[in-house]
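Below are two complexes that have chain A in common, paired first with chain B and then with chain C.
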Partner chain A sequence: MGLGTVVAQTIVNGLMVGMIYVLMAIGFTLVFGIMRIVNFAHGEFYMIGAFVFAIVFDSLGVPVAVSILAAVIVVGLSGVVVERAIFRPFTGDELNGMIASLGLALILQNGALLVLGPSPRSVPAIVDGTVSMAGLVFSLSRMTVIGVGAVAILALYLLVVHTQFGRAMRAVAQDPEIALVQGIRPERVYPIAFALGVALAALAGALMAPVLSVSPFIGLTPTLKAFIVVVIGGLGSIPGAVLGGLLLGLIESAAGTFLSAVVADIAQFVIVIAVVLLRPWGLLGKKEREA
Partner chain B sequence: MRRSALLLALAAAVIALIPVVAPNLFYVHLAIVTCLNVMFVLGLAVIARVGQLSMGHAGFGLLGGYVSALLAMNLGLPVPLGLLAATLAAAATAALLGWIILRLRGVYFVLVAFSFGQIVVLLALGMEDITQGANGLVNVPAPAVFGYLLNTKTAFYPLAVAAAALVGTGVWLLFRSPFGDAMAAIAENPRLTESSGVDTHVYQVVAFSIGSGIAGFAGALSTHYFQFISPDSFTFWDSVSYLTMLVVGGRVGVWGPILGAVVLTPLPELLRSTQGLQHVLYGAVLILVLLFLRDGLVGLPARLRGLRRTSAPHPILEHSPERPS
Partner chain C sequence: MKRHCLAAAIAVLASGGARSETLLLGVNATLSGGGAIWGEGMLGAARAMADRVNEGGGVKIGDKTYTIDLKVYDDRYRPQDAVTAMDRLINDDGVKVVVGPMGSASTVATQARSTEAKVITLTMGFTPKAIGSALPYAFRPTITTTEFTGPQLAWVGAKLSPKRVRALLPNDETGQSVGASQKEAYKAIGVDLQLDFFDRERVDFVPVLTRILSQSDVLEIGGNSPTTAGLIIKQARELGYKGPILVTGGDVTAELVKVSGKQAAEGTYVHLPLDSGYAETAGYIRDFEAKYRKPVNGHNAFSFAGLQMLLEAMKRAGSVSDTTRIAAELEKVSAFPTIVGKAGWTGRERYGIDHQIDVPFYIGQIRDGVAVKVATCSYKSCE
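Right after this comes the complex of A and B.
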């Protein structure tokens, strides 16, 4: 393999992993921005999405697109229930909402362990084959992850910026009381925003299921990456999550290929600290008054 | 006052009798692990005292464990000095990290402290030359006191109790001191406290250092007890357990954390038969306590008597207005 191929594959891998981080981080930052909840259970919804996809696609033999949709819908609906049952009492209470999310993470992860068992299951690739561009060969399945992720992000962007519901969400994120005065009911916005956030995590889980294996324990690492991405990109900023996620994926992929996994891990943390020191509101976040 | 003295004497008697009446060594083991958890949870309580929660708490335990184990194995350093080094290493790391992240809003502290805990695990896995990677370090020396090797459960138990009592007394004195009052004031209202001349940043950094130093100490002691440490020894889920113990026991004062560790450490052992179920129950208990018993188990008697004075609920810690005992 020539250097060109290695570089190209590093970039494709970085973009694929980065796209997953972007989906995770957008969902996380959406929930935090609107509900002020640091959702430590975010990765558990990724795990559930991966499991639903694995069962529907692999065990039941349903077509790929329908299986992905099933994962997104199942997790989205469970998000509505979870918001109402667990997070609603902690509206406006950042600290206790966060602790409740830790309890939820324990329940979801170990519930999955009880029902599905600890052994990892592998899922067949959703597409086979390769595409060649400019003399370089790319795996089609990785390109699909990048493509589907990009479409989802674009759809979300249009929803947030150009629809009435998107405006309502942004209004609640800025100030729930003033939004209420304007006739927006925050308690209608919360469940949908939460469902949207965890549905994005489920999409990420479904897309990654064929690439990595699926087990009850896979949720924690994507949660960590989502945290790192939102600190780098700026908490509450969707463009920041996109930039931060892709950047993190590329850095991780490059450092992992050309240096070592340890260097990649240290590099991420150093970047987080550097951002916090030099630009605490994140690369694309808005400067805000310290609380 | 007399009642609390009586309770303390009773507790001391129970603690002293455990190795004598325990039907087998497993109960002594449980008692040791309870002492270790008491220390971890007290460390977390010191940080919670300034209104912060560290989800990287176990990471400092892991750091302390590796520091002490490596010093003992590679340099032959006596265990007490290793424990001191582990405490200082964890406290110094926390001071540096805290100085950087505690200037920002609370949520950044949560995110970065959690990331730190994960990075420590990844480094312990990755730096195989030093840490032996996933295999961990085996045959970590047991501590020796006055030439007496504490390499059995019964011999280690008094040391664990003494260490937990030392940490408990230290934290109790800290909370009663003017410094402790200032810490509680910061949790209550950081801006008001700042405007009355308290450098809230310094207090928060010091509290984070002390709490994490305690975690480093407990992690090191635990490593010398098990004579083993691996990246799995202290993970994020241990941080979640410490937090659960803190919240279930009660967040204010020293008795809440101690009670939480004492109640919740042995409890999972009774449910051991079903893998996973114990943690599901842990999660459910955590959420139920948050919803219905904000002050934790230590607040239960007052709640039952219905004598709780009505006071404006505190946004972060739910402080009762009186000084905690």
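Right after this comes the complex of A and C.
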């Protein structure tokens, strides 16, 4: 395999991984930006999305698009319930909200362990086979992840920038009290924003289920990656999450391919430390005004 | 009638014969997280033994009859949690026999406590440090990489004649020790094994596979968890890799195929600790799966075999608490009929003590999702 081929392969691999990080991180940063809650249970919604997809697509034989939609809707609706029942009292209370999210993560993971057991399950590929171009081999399943992820990010961009609800979300994220003065009711925005955030995690889980596998323990790594991405991109910044996610995916892929998997893992934390030291508000985050 | 019942009750109370004592059996294994499949297997074995004994009216040791009660702790695949569990088993529960620890790191971390308390452990830790002359109460009733890698690779070397082999392993105690023994074993068949390590939590192997697949004609992934091995196979096949894949590690077939899918796993060579054609093994698997609705893996079957040998040693020692005598009797158990075959202990040459189980093992090849036996091995050779 020539160097050019390896580089091209590395870029595609990085984009796929990065796309999943972006989907995870956008949901994570959306919830923080609007509700000021660091949701460490975010990865568990990824896990539930993957399970719902696996059951609907693999066990019930429902078409792939409907199965993905089912995962997104089930998790989105559960997000509405979770926001109202657990997180609403902690809105704006970062420390207690974070503790509640850690508790929720443990409950969801162990609940899945009790109900579904520890065994991982394989999910058939959404699209079978590989495509070869000029010595490059791409899994169609992975290419699908990139495509669907890109469409989802575009749709979210349109929602946030060009719709009335998107403007309301941004207003609440900037200042809930001023938003209220403008006639926007934050308590109506919170559940939808939270549902949207966890639905994106569910989409990532559904897309990755056939690529990897599904078990109650798959949520931890995506949560960690989402956290790294939002630190790099800037907590609360959606463009930052996109930039950070793709950057992290590409760096991981390049370091893993040309150096080693261990170096790839070290590299991401070196970058996080560098960002925190040099630009604590992240690459595209906003510097908080000093009192 | 009333008089008869009263007389019978007085007779039972006077003899004390019908009252059974309790034999506490500790379980210190991974029951959540990535290694839960193996730990669940160990717990399943302990539960199956307890149920078998208790449903049969107890086991007679010395002049008493004992039923088995389990004390179970989850180490979450973390050495510090395994130490806490061992402390609780020893100090709070008063356990004298423990099924576990499971992982190599947990095994090493708990050794000082179990040795000092003279607690017999049936460890599944693959590290060569799991048993030794300084650890008189530690027994290992499973076949590790150190035992099977040499004969297995000699067979593979003769069959595949590999020139360039790359191995992917987690960068922890288990991965490092497995890598060292694999490197030595490959060297014996004239191959310089190249090792690549990764963090155990990693799930995307495409970057590293992109680099190494073009530099190898055989991929070695023994020493990984079944989930990880399945993911590596799946992703290697997605990248178009058609060469042989060897899993020179523990029994991983069932879970591996669940993750990779049948198609990707086809042709993979695996270590096969159990011969499902052996009547006792087949019977145990059938009964266990029917009763507990869970699959039997190597950790389950070997833990059960270890418990069979341990109960025999307790009977010979006539005690459930004098662990020095029990350990001495256990060491003498030889050609004992267990569910995995006639078992004894070996290891003095390698570890300085005969605390390593000695049973036959097998090489399998995955065909249509099932490992089919292609060779039978002893610790000396495979045929």
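Assume the second predicted complex is superposed on the first by the 281 of 291 C-alpha atoms of A that agree within 3 Å, B and C clash if a C-alpha of one lies under 4 Å from a C-alpha of the other, contacts with A are read in each partner's own complex, and residues count from 1 in each chain.
Note that a residue touches a chain if its C-beta (ideal position, glycine included) is under 8 Å from a C-beta of that chain, and two chains touch if they have at least 3 such contacts.
Every value quoted in this text rests on a predicted model; they were computed, and no experiment measured them.
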item: Simultaneous placement of chain C and chain B on chain A, clash or fit; value: clash
item: Partner chain(s) touched by A:Leu104 [first = chain B, second = chain C, both, neither]; value: first
item: Chain B versus chain C as contact partner of A:Thr10, first or second or both or neither; value: second
item: Partner chain(s) touched by A:Asp265 [first = chain B, second = chain C, both, neither]; value: both
item: First, second, both or neither for A:Thr130, with chain B first and chain C second; value: second
item: Partner chain(s) touched by A:Thr91 [first = chain B, second = chain C, both, neither]; value: neither
item: Partner chain in contact with A:Ile273 - chain B first, chain C second, else both or neither; value: first
item: First (chain B), second (chain C), both or neither touched by A:Arg121; value: second
item: First, second, both or neither for A:Thr144, with chain B first and chain C second; value: neither
item: Partner chain in contact with A:Thr257 - chain B first, chain C second, else both or neither; value: second
item: Location of chain C clashes with chain B - one stretch out of 24-32, 132-140, 150-158 or 168-176; value: 168-176
item: Interface residues of chain A shared between complexes with chain B and chain C; value: 110, 113, 118, 220, 260-262, 265
item: Contact set on chain B toward chain A in their complex; value: 51, 53, 55, 100-101, 103-108, 110-112, 114-116, 118-119, 122-123, 126-127, 236-237, 240, 243-244, 247, 274-280, 282-287, 290-291, 294, 315-316
item: Interfacial residue positions of chain A with respect to chain C in the complex; value: 1, 6, 9-10, 13-14, 17, 110, 113, 118-122, 124, 130, 132, 137, 139, 141-142, 212-213, 215, 217-218, 220-221, 252-258, 260-262, 264-265
item: Chain B-touching residues of chain A, taken from the complex the two chains share; value: 32, 38, 40, 86, 89-90, 93-96, 98-100, 102-107, 109-111, 113-114, 118, 220, 224, 227-228, 230-231, 235, 260-262, 265-266, 268-269, 272-273, 276-277, 280, 290-291
item: Residue ranges of chain C in contact with chain A within the complex; value: 31-34, 36-37, 40, 171, 196-199, 201-208, 210-211, 214, 226-227, 230-231, 234, 238-240, 255, 257-261, 295
